[in-house]
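Structure below; questions to follow.
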Amino acid sequence: MATQHSRSAARLMMTPAVILLLGWMLVPLTMTLYFSFKRYLPMRGDSLERGLDWVGFENYVRFIGSSSFWPSVQATLLIVGGVLVITVVLGILLAILLDQPFWGQGIVRILVIAPFFVMPTVSALVWKNMMMDPVNGMFAYLWRFFGAEPVSWMSDASVQSIILIVSWQWLPFATLILLTAIQSLDSEQLEAAEMDGAPVLSRFFYIILPHLGRAITIVILIQTIFLLSIFAEIFVTTGGSFGTRTLTYLIFQRVVDSQNIGLGSAGGVYAIILANIVALFLMRIVGKNLDQ
Amino acid sequence: MARAVSTRRKIAMTTLAWIVGLVIFFPIFWTILTSFKTEAQAINNPPLFWGFDFTLENYAVVQERSDYMRYLWNSVIIAGGSTILGVLVAVPAAWSMAFVPSRRTKDILLWMLSTKMLPAVGVLYPISLIFVEFNLLDTRGGLILVLMLINLPIIVWMLYTYFREIPVDILEAARMDGAGLREEILYVLTPMAIPGIASTVLLNVILAWNEAFWTLNLTAATAAPLTAFIASYSSPEGLFYAKLSAASTMAIAPILILGWFSQKQLVRGLTFGAVK
Amino acid sequence: MGRITLDKVAKSFGDVEVIPPLDLTIEDGEFVVFVGPSGCGKSTLLRLIAGLEDVSSGEIRIDGEDATSVPPAKRGLAMVFQSYALYPHMSVRKNIAFPLRMAKLDAAEQSRRVEAAADVLNLTEYLDRRPGQLSGGQRQRVAIGRAIVREPAAFLFDEPLSNLDAALRVGMRLEISELHKRLETTMIYVTHDQVEAMTMADKIVVLRAGNIEQVGSPLELYREPRNLFVAGFIGSPKMNLIGGEIAEKHGAPTIGIRPEHVTVSNEAGEWHGTVGVSEHLGSDTFFHVTCDGIEEPVTVRVGGEVDLHYGDKVWLSPDPDHLHRFDKAGLRIA
């Protein structure tokens, strides 16, 4: 679709972006891979200058073998799964609600979307202190109002708390995307179904839900990629204690707190592989969309 | 086509939607409200929705004690700088891929996207090491670079989807009308692409402003932006709700306002054009 | 002046040869129509002439000068796109003036030419509107206006009427023909609609799969189609193509007879059949008659109103003077 002249100009203009991203991807990745096969404890005197000992797959084995590994997988799955279920189910309901005609649609939409724009550290701290504090939080007040004993959210229901906070942040994203998808549904299709005598619920299950299928898949995939690496929400609330140490957080602690770079790098490689499995599915969908 | 909806139904929907909307918005509303209370009133039992002494003191204290303006300035520089740099790199790339597609264009786009999916924690140490090596630790320049790189795929993608909506016909018409490459880009492409570029800039300022992994891990005192400033409130000292609220309000207000303008772009930007 | 010569021009996309080497000469002032089914390469050919695509081999000459590697902007041609390709951010006035602005004409001359073009195209009252505020037909006129102000060596039209509704299309067809008569500039017009080709062209180029099937005036193509493809493509309703024994009787593997060259009789004739669906257009009536020994129904055109009904038995006779014969390869037997 173009002439030779424009083609060579195009190649030239693409180069900076490609080189930057290539460097950004390859350099740290190679280093992580390299460290993951080394014993590297800077606190005990290991350093790059003096050379690092090759330990083979020891770091990989030890990372999986450690007593914190499986709990961290469990925490990761619980948090990612919990947030996905909540945001997708509530997202669909909210999207349908926002698609109905009512007064003040614009304003309500803004209210619903707002949490997405709150920076993670702020939303985590606001929820932890203003909402969930067992003495002064809004929830504690509500609990007392109904005669119940306030809950120490951050210690007794820590995973649930994180799920709640993160769901609140991501619900707008799911809602917005699903709303966009609902609005693209051809109204004639719904009218045809209505003419065919389909009641409201069947119309939802046979027409709206299948139409949303692709959008739901995309919400799940994109959120999974972001949720696998949530960090700030845990960092400023529980600091990884009370069963909220996710895989990401465990790796972070190995690298930053215990300064075991080799072990952390091996964990990092696991995380990269995990993210890539999810990414592969996402790419497929996006790629298909490119072909149109 | 749209049919008349019964008023009863509309009233019911309005009530329901507003209740849901207000519940979701409540934590933000409560934070803003609390920022205007005294510390004692902030933790009053029952919670005070009205009848408190309206005060701006918290804002003054936050600024005085923690030098809020410096963090704000860092956020502005880092978010703005990384976005501008990213757009400068991405516009030519997106232009090429949208208007001079080759057989590899799709692969390049998908590959760029895949770099976005690398878990940051997996490369935390190498990046810190590189930062130490090049004296980038706790500098705004270093963060600008990193945030530009993590958002570059999104910028390229968004611009690409916008550019693709500009009909090639129009650019060819310009060529037929005697415009060279320079005139084509200056008089035809740019005016048509400005809304797309603006939305891209908007969304990426938001993403960079809220980024909270690299900003927490690569800064200490001098280059810390608002995300890190707020995180420092996680260890409480005495009564601090009102001040936390004031600090939080100041940190999110600019981006909330920007965000409201960018609802539509949000969907496009974060789904890589897969949902429209 | 606008004499355009294509000398062994070929185009491939990767390994796919879209246009095998072809020669074609377009005389100055001629109205040439490229016609063919979609995917036949007619638009690609136009874009090669425009310079929007590089030729893979061969040479394009405009007024005798080699223009093969001249960028589109410098070829002195104007193009009207199917989508009109108006600049959405500019007013009608600015759209029309754009090529003049690119040519760095002074402001007075620019506005003089724009007003003159607007006057010719009845656009004067819309000059300050944006393209988005115009109807399809008006946009089409703006696109033409943008082309004529340049006073180009030739106009290129890429399916310009396909986005208009039927009634407007007929009107615009006349306007473009009118414009050609007045300007006497070379026009190359691409369409898939053979009616447009027949009504507008001085010369029709029928293309299939990048090959030129036939070049000639509309009536030449109508009277003496060179092969089966052209025979089937030109003329509405389509020529009846008949094979088998009935064709053998006329001494060819395939014979063709246009609907208007078949006579209908209740008593006697060559082929016997049953009347199927009929289409009454008022001035004409088309009958689709299923005949013994002929696979497809034969279309017959009868002037005015004729009293025949579904299921009636009739006799059909082809007019021997207008019978077309084709050999096994599909080529016309002279």
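Letters are used for the chains, namely A, B and C, taken in the order the chains are written, and counting of residues starts over at 1 for each.
In the analysis below, a contact is a pair of C-beta atoms (placed from the backbone, for glycine too) under 8 Å apart; a residue touches a chain by one contact, two chains touch by 3 or more.
No experiment lies behind these values; they were computed from the predicted model shown.
Trainee: Starting from the Cα centroid of chain B, hunt down the chain whose centroid lies farthest away.
Mentor: C
Trainee: Which chain has its Cα centroid closest to the overall Cα centroid?
Mentor: The most central chain, going by mean C-alpha position, is B.
Trainee: Kindly indicate the chain pair that has more C-beta pairs in contact than all others.
Mentor: Per chain pair, the contact count peaks at A-B.
Trainee: Using CA atom averages as chain centres, what separation in Å is found between chain A and chain B?
Mentor: Here chain A and chain B have centroids separated by 16 Å.
Trainee: Quick one: chain B and chain C, Cα centre-to-centre, how many Å?
Mentor: Here chain B and chain C have centroids separated by 53 Å.
Trainee: How many angstrom lie between the centres of chain A and chain C, each centre taken as the mean Cα position?
Mentor: From the centre of chain A to the centre of chain C is 56 Å.
Trainee: Out of chain A, which residues touch more than one other chain, so two or more?
Mentor: Within chain A, the residues that touch at least two other chains are 1-2.
Trainee: Return the residues of chain C touching two or more other chains; collapse runs of consecutive numbers into ranges.
Mentor: Answer for chain C, listing residues that touch two or more other chains: 51-52, 71.
Trainee: For chain A, which residues are in contact with chain B within the complex?
Mentor: 1-2, 6-7, 9-11, 13-14, 16-18, 20-21, 24-25, 27-29, 31-32, 35, 94, 97-98, 100-105, 107-123, 125-131, 135-136, 138, 141, 145, 168, 171-173, 176-177, 180-181, 184, 187, 214-215, 218, 222, 225, 228-229, 231-232, 235-237, 248, 251-252, 255-256, 261, 264-265, 268-269, 271-272, 274-276, 278-279, 282-283, 285-287, 289-291
Trainee: Given the complex with chain C, which residues does chain B contribute to the contact?
Mentor: Listed in rising order, the residues of chain B that touch chain C are 103, 167, 169-170, 172-180, 183, 187-188, 191-192.
Trainee: For chain B, which residues count as touching chain A in their complex?
Mentor: Interface residues on the chain B side: 1-2, 5, 10, 13-14, 16-18, 20-22, 24-25, 27-28, 30-31, 34, 42-43, 45-47, 89-90, 92-93, 95-97, 99-102, 106, 108-115, 117-127, 129-130, 149, 152-153, 156, 168, 181, 206, 209-210, 212-213, 216-217, 226-228, 230-231, 233-234, 236, 241, 244-245, 248, 251-252, 255-256, 258-260, 263, 266-267, 270-276.
Trainee: Spell out the part of chain C that touches chain B in their complex, as residue ranges.
Mentor: Per the stated touch rule, the residues are 14, 50-52, 71-74, 77-79, 81-83, 85-89, 98-99, 102-103, 146, 150, 156.
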